[in-house]
Amino acid sequence: MQELLQYLFSGITNGAVYAVIALGFSMLYSSTGLINFAHGEFVMVGALSLISLWKGLKIPLPAAFAVSVAVTAAAGLLLERLALRNVRKPHPIVLVIITVGASILIRGIAMLVWGKDSHSSPSYSSHPPIDIAGATLLPQSLWIIALTLLLVLGLHVFYKRFLTGRAMLATAINKKAAAVVGIRTDTMVLLAFAMSAGMGGIGGALIAPLSMSSFDMGMILGLKGFCAAMIGGLSSSWGAVFGGLLLGILEAMGVGFLSSGLKDASAFVLLLLILYFRPTGLFGKAVVQRF
Amino acid sequence: MRYLILIAAVLAAGIGLSSPYQLQLLTFVGINTLLAVGLNMLMGYAGQISLGHAAFYGLGAYTTGVLTVHYQWSPWSALAAAIVLTVICAFLIALPLLSLSGFYLGMGTLGFGMIGFVVFRQWSSLTGGDSGLVGIPALEIGPLSFSSPRSYFFLVWAFAVLSIFLCERLIDSRIGRALRAIHDSERAASSMGIDTGRLKVHIFVLSALLAAVGGFLYAHLVSFISPSSFDFLVSVRMVTMVVIGGMASIWGALLGATLMTILPETLTVFHEYEMIVYGLIMIVIMILLPQGLFRGVLDIYEHARKKPGRTSAGSRG
Amino acid sequence: MNTPGRSPDGLPPVLGVDSVSKSFGGIQALNDISFEVLPGDIHALIGPNGAGKTTLLNLITGNFPADSGRVTFDGAGLNGRKPFERVSLGIARTFQNIELFGSMSVLENVLVGRHVKTGCGFFGAMARFSRVVKEERDARSKALELLEFVGLSEAASWRGTELPFGWQRFLEIARALATEPKILLLDEPASGLNPVETASLAELLEKIRNSGITLLLVEHDMNLVMKISDRVLVLNHGMKLAEGTPCEVQANEAVISAYLGREQAGKACCASAS
């Protein structure tokens, strides 16, 4: 029982991070129909930026967090503006290659800035681990879960209550119609990129205290987050969150009860299961066929 | 024709070059050509995508590696085993996946590719895990040993040229026409009696087979393999070779393979900026020449040939 | 020209549609449709837009299954046969929006039609056995024959999509004929053609029928329909409105009010030059 609880705790913690990363994929896909293969690199940038600002420059945590997210959002903005906006023939495979090239580029820059070493980050609070029924719950886990919840609720409110949010939704549903009613669709797309990248950054900032961060950490995190988004349904935000949590928990259970070697495979096995049984994901509606 | 130029170039390089480094680099180009040509058939002609083809590449390499190192098989028997195993796996993967639309197919291949990678890493009793597999023997046919860089260069290019030749033959045949028909309009193709599902599976298997042969040649070239040579980035690089070279063009695949193999080497002059330049080049090429280099350069050439003032008859009025 | 009644040879129908219904979501596209197409006939399917004509064609070619009822071909049921399988049986079709193979030449487009009549596989293609070479040669000459049949011989090496629109339609027909069908389904073949091209089309369709192939065509061009059809089926809102010879249908009150209009009805069908 204590073991189960332990796996559950670590599963939910990782799951929340996957959820945030998955949200980034899902929101970008809904708004633009694009899968950004550089998304994982935004996670990495967020993590390393936090470490540099908070641990390195000793900037207080809230400010360091905010700046890290801003940096990744800016990176997303640049990607859209400089690379994707200029594509003359937006065939899906071309866009995929561009985002892959962007991921290599970002990784190259990161290697310059932070080197090849791994960096660690302290937990957000120095509170000792909490003992619950024999299982250990890290305070960082609570931070992660709380901030993730805040993010999800914030997005919910943004889409429901704010004009910009509703405009983004409209652009996602039907770009032409949105343009016709006066919504600046180009700005909406730009905003979607910035927000999606920012979410990657948040995911990175959240995960930084949990394990070592390095310039090449982005790829596998991005891929797992992508699987989580697919599992939940690419077009559904709640699906992304659910997919992330589900992935995190199942991964932890698999590692705990079966074998640690399976950790990285869990995401992809789940992906395949979803593709076979419910390609549009657990919560997805009909997805736009892009290829 | 093109074959003469290619064979001449291969002969010239093989005989003329003496630096083992250069010969080995061009040997890698040959291996990558096998990979790119196969994947090009799948992506350019059948219109499917695979984001996990490195797994087949790895399957070829590890099958021969394991059989020759642990079980002392002869490499050529191991090649046969690798082909059989890859064909079986490719069928099993393709059959359920190809009923999905192209997008989901791509994601499915990503999943399989990653699972393959994890298996290579985790089944350490067989594959050596992250430490890799050492001691893969050199190839020989009877008295002919292929252990020198020059001989291996010719061996690999023999395979590469043969694969280009056979694939071209395939394109210019009933099967190739059916493939191109599927690419142009799957609905019309099926209304002409073409079993599109089956053909797509067969092409998937063919592309996997070529990747596995490439893996076989790779393993016996480097004699040491590790999972990191078969990860997601490698799958992506294979796709990039095809796209940058130009899809639906076998010679484009050759061009893409050459470029993507030699380019990273030339970029070492940039030292720590290497990745940045590499990423930038990928982005810029895709923005400027989305149809790939082969088609793109040809188009520029044809465009330059059409002088202004030559309008087509009847275009005015 | 307009032969009333059953086939004089008493042969069984080429195509039988028996109480077929199909709905999409809440919309009943086809409601209990039954009819037969007799061998050697030119059978027309007319009706206003949304009547279900293309749905019926798609159902016959197997793109989706009927909710109820069955389709028989040469007396045998077609249940569950996939579209590509039906082609080998002898059902070919053309599309409303021309679906040519854009990357191929005119000749190659027709050659694709020979797919079901040839058998070269992967190994044959790579090895080029003499049997394969001969098969390819025969396919080519057959394709050229067909191009001549529809009047496109001179354009054999052109890109399919470079052809003027009317010629593209003829190419699509040639391609379908390459499959050696028993019945050819045409979805609005006259759409987008000018009167001269339509007259050529009419000639071609009769030529095809005279060569032994049955035709089922969906059409809006009433002149064409009345001129060449042996039997006409009128659909409206997914239901059979009328069936009979062109003259009978043209005089049918329900058809006139739902679709044809007084002006068309006024054209005495048997007054056209025979």
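So that you can tell them apart, the chains are marked A, B and C in the order they are listed, and the count of residues begins at 1 in each.
One rule holds for everything that comes next: contacts are C-beta pairs under 8 Å (C-beta built on N, C-alpha and C of every residue); 3 or more make two chains touch, one makes a residue touch a chain.
What you are looking at is a predicted structure, and each value in this text was computed from that prediction instead of being measured.
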{"item": "Labels of chains that are neighbours to chain B and to chain C", "value": "none"}
{"item": "Geometric centre: closest chain by C-alpha means", "value": "B"}
{"item": "Chain separated most widely from chain C, comparing mean CA positions", "value": "A"}
{"item": "Chain centre separation in whole Å, for chain C relative to chain B (CA means)", "value": "43"}
{"item": "Intercentroid distance (Cα basis), chain C paired with chain A, Å", "value": "53"}
{"item": "Where chain A and chain B are represented by their mean Cα positions, the distance between them in whole Å", "value": "31"}
{"item": "Chain C - residues contacting chain B, complex", "value": "61, 82-85, 87-88, 92-93, 95, 99-104, 108, 111-116, 118, 120-122, 124-126, 128, 132, 135-136, 139, 175-176, 179"}
{"item": "Residues of chain B that touch chain C when the two form their complex", "value": "166, 169-170, 173-178, 180-181, 183-185, 187-196, 202, 206, 248"}
{"item": "Chain B to chain A touching residues, read off their complex", "value": "43, 49, 96-97, 100-108, 110-112, 114-115, 118-119, 121-122, 232-233, 236, 239-240, 243-244, 247, 272-283, 286-287, 290-291"}
{"item": "Complex contact set, residues of chain A against chain B", "value": "37, 83, 86-89, 91-94, 96-98, 100-109, 111-112, 219, 223, 227, 230, 259, 261-262, 264-265, 267-269, 271-272, 275-276, 279, 287, 289-291"}
